[in-house]
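Labels run A, B, C, D and E following the written order; every chain starts at residue 1.
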């Protein structure tokens, strides 16, 4: 199959890649752009390890064709930290120990970021529903919920400047 | 592994229909792709042409007027419906249903048209929309027609659409006075599809008697189905717990569920009877207080 | 007939826990290796069938049955010795 | 996976039995049957095409009669592979015909189907629902055929 | 959200049990942590494995010529390309080494590898699989242990009559006397299901064989040292010629310390074409062809006195071993051992039989046999209490282990905080007051080991070892063979090292997961690393510190009766802490004094005279509040409380994470995670149909941390995080018992089972009325 040129904007950086149109967004990001923070954990759009933020929305990158993401702004876990400065959600994950093996963490962070941008004063239930598309086999989720909650409650506001 | 295909990106619905007319059975419309890409990855579906309508602005709209009701373009995402203040006011059950549909990621990218066209008997929107008397407008290069959801599903993963047709609009009639719809699915995890699901719409007359009832069952047969026997029990009756119980039993008797690892046929019937009873009652209680 | 000493496993010579035949039977099931199994089979019993019976039905029928055979065997051997 | 079912046909049992063994007639009645060919006394070459929504499956393989007690009992075994490598299946089918006395014959069948591969992912739900549908269609076609004979 | 209580905390440490970020944290939250899954080497090929569609079949022949002709295919290997060596972790017991990863002539379960392909892309490799023709002779198969043991059942392994793979027998105390003394005896039969490890990172490996006959393997595993040894065995190479690197590992849970198809097939493919080869299992492959928790059939008989004093217990167990032994023999032993826990008995007896079947092999999984043991034991105890009209908590309490309890020939309990666990759980239950009608509480007790004393691998090395090197700038290199798989062991070891040396955690660089650079260690299993590698790390740190302090003594000219110590990078006399010197300065002087040699401390640990099972035991109680929809049977977890005696906690955040994580996995085992088989085929090998707890299903996890002191552990530490996988399922069962009076004997408890049990109960009651 003839490859076609695709322009993607990932973490504020423009990339030009040549892909087969059947390439999934997660494959474009991992295999072509070589940002491997985004993971894959299943083949059934179940686990959320491949979650990235597309135009401010959390999306599972294994359920989107890369060509469908042309013209959007994509954010991955590598784009959260800027010049060595961690984003509030990253700090909160460290403070709460909201990860163990770390394989789901990138996806979990991206779901959290999109959720926090959208929901200002979330209840615990809303936070849990906000990450229900992401499986974590290690933590039992509660530390992740605490991390999201602490960001929502403004614990890291001074960092936002 | 997904098999190779030619990717087509039409600029308008009209162009998309032209492509579809050209490729017919070899072409496949993709919108959110949340269901399609899974089965394509499994190699179960191998289209030669994939026509991407996800970004079509002319299919992405939501309008409401008291006479015609709610009209949603096919590419309206689940999340848009869930977050719409208008939908929440006019059709609160749609918001309740959407909040329980899979996960935020899926709702962000997946679309109402794609969901209905996929024709999964365990899908969430179909029972609710069918229960509210909804229909879809399907179009082909040669014209448009409106199909009531009652007639839309013909078999497992099959619809009344021809190969050159696609859903362009979802239509929900205005809610009658003294009417309410309730929906619940039985699942093991919050984000799961239903092992079974029931949507119930109850419309009351002035005297509190059931004027109309529409009971729709999800995943209780090879397609989403109306539980017409259960409806008969309800219509014209003065509603009380005994009637709801009877309606539940009727629905359980008329549905045609199959067994799988999650539930036996018998247990599915049992669940249908419980959920039908509960949803009919919940809809009745809400209908009593609604304008 | 009573034995002069505690029951000793006819296969490996291990002294039964309380000296009784039923304990020796338990020891045989517990060890379950080829020599022990072979001994049981040689008595015309099916080791595995006894085991399944013991594990899947109430009571201690298999233990008792094998215990009786071990007892008889011990008695026989003691008599032979004499 | 075991699929069982039962249906009634209004016809004399002998006629029914013969129709079932008439390869051409059977192929015409069985929905999706693309080919049924008799290879020898007990072996048939069968190709069935089924469609589940957008998924197309074409299974082809051999069915072997393992027990025939005319006109009441029939057993067969077979194996088939999907053309596009979606998977393969093995089946054991038992069929019993019973005269009900009112001119009707009750046909009961039991299929023990074992599927491997991607098809198995869809598994039970699809197979059962499809079996149900095929049965209905088959009964309709067979009844019509018998009437016409 | 969650309540966290600490009971009898010890003197505060400088580093231990303070709020320390995970040392791998920054890499994991920035997406930079590279897993085996992410590795791409120059010129790398991609491999795929062809798997058996049959549960039991002879391989008559394999024709790969069409596959080899496909453009891009570089190599195909089958069993014939291997040495055919049967492998297993039981190097001491050859009989139990029964698995050829690529079998030469016979397959024994659906999904077993049959051939492997290496190609330039994954897609080509997958296409090539379809072109390999395998001629199978299908054999009759058997799937359930109680069928496989019957006369006439198919023989799965030659010479294993009735398919009995392993038997294990435990007996101590006076069992018969105990039963004679008993005034009430209860017998029950249980079934426990399997469970998938479901690591987020599926099994994967990259192997690179070079012309100098050296093999480098990147592999997602729990014990690089085991992998090195096992691979050397199957390839007939020297261990030293194989380097195994386990970079960041995306979860293990007991499922990644045996050879898998990925590591074996990449290695032999790479040896065939001298190029790096990568294989990543799909999620489906990971379900059908990795291993699982052992399904068990349990019979247990318990005798007690009317006042609730426990007398004796005996159990018989048949386990579904699947096609190969793997780690399953140990699970068979440990389930029997922990079935007696945490109680004192006059006598205890256990007979366990592991049976081969034509299903996925069963192996170790977090809890290692104990979750099954507790599912049966803790429910039966609850029923006995009800039968006798006794308070279940008080009945448990009066029979529980204490400090000094001896299990003859097996174990001596040195530290035990279970009494306080009962107090905390009682407080939690009382604090709830009257529950709504649709809710109930269940509790369950448990004890678990802190590191297994099993040298099945026949290693001549210490069980754990560590090397501490101090650089001239005061930074410290800590080399350990322990494996970080997410449980936080690197952080725990850094904490122990920093505390012991008297420096800060940021001074420590931890090196692990590489057999070329780290000392041998048996790896991450059996809750062993905190205690065993912890002891080795402490010893190595003390050793380095002592060398440093020798210089400090020499140069300070202190009176010989003064003791020196280091805290917060300050070397000082304990009696006069203000008198001292900066750590880094001292290090520089010491290096010059040692002729420029770095200070290197060595530490090692192997348990001695600690019984047969483990050097130490932790204790815990789990309470759950459960809501059940009586009509649909749906189970919802509303709240939970864990009281855990974990010795001295080392890594505070790690401890919480381990307890919460163990709870979620254990609760899943109790009511969600179900592995149904049909004709040997797993029916739900995907994350749509295999249900696991997600964020909305997870209840608050309240924790009471009970700090005891374990003399054998580093700073008094012992196990936390694996043991809690054990009691939870039974706690859920007990909640159902209290609500409805139904006795659930099979786990996981699915809603349909609840509905059926209630129906049965009603029918029985109606029949009794008549």
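As a working rule, a residue touches a chain if its C-beta (ideal position, glycine included) is under 8 Å from a C-beta of that chain, and two chains touch if they have at least 3 such contacts.
Note that this is a predicted model, so its numbers are computed, not measured.
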* To do: Using the touch definition from the top, list the chains contacting both chain B and chain E.
  => A, D
* Structure fact -> Neighbour overlap between chain B and chain C returns E
* Starting at chain B, how many touch steps does it take at minimum to reach chain D? -> 1
* Asked: Given the two chain pairs A-E and C-E, which is bridged by the higher number of C-beta pairs in contact?
  -> A-E
* Based on the averaged CA atom positions, which chain is farthest from chain B? -> C
* Structure fact -> Note, CA centroid farthest from chain D's centroid sits on chain C
* Name the most central chain, where centre means the mean of Cα atoms. => E
* Taking each chain's centre as the mean of its CA atoms, how far is chain C from chain D in angstrom? -> 56
* To do: Averaging only over C-alpha atoms, locate the centres of chain D and chain E and give their separation in whole Å.
  => 49
* Approximately how many whole Å separate the CA-defined centres of chain A and chain B? -> 30
* Whole-Å distance, chain A centre to chain D centre, using C-alpha means? -> 50
* To do: Enumerate the residues of chain C that touch no fewer than two other chains.
  => none
* Which residues belonging to chain A are in contact with no fewer than two other chains? -> 43-44, 129, 132, 134
* To do: Could you tell me which residues belong to chain E and also touch two or more other chains?
  => 683, 686, 693-694, 696
* Asked: What are all the touching pairs of chains?
  -> A-B, A-E, B-D, B-E, C-E, D-E
* To do: Using the touch definition up top, name the residues of chain A that touch chain B in the complex.
  => 1, 4, 20-22, 24, 43-45, 48, 51, 54, 57-60, 62-65, 67-68, 71, 111, 114-115, 129-130, 132-134
* Asked: If you look only at chain E, which of its residues touch chain B in the complex?
  -> 122-123, 126-127, 631-632, 634, 672, 674, 676, 683-684, 689, 691, 693-694, 696-697, 750-752, 755
* In the complex formed with chain E, which residues of chain C make contact? -> 17-18, 20, 22-23, 26, 29-34, 37, 46, 48-49, 51-52, 54-56, 58
* Show which residues of chain E lie in contact with chain D when the two form their complex. => 53, 110, 130, 678-679, 681, 683, 686
* Of chain D, residues touching chain E in the complex -> 1, 85, 88, 114, 116-117, 120-121, 123
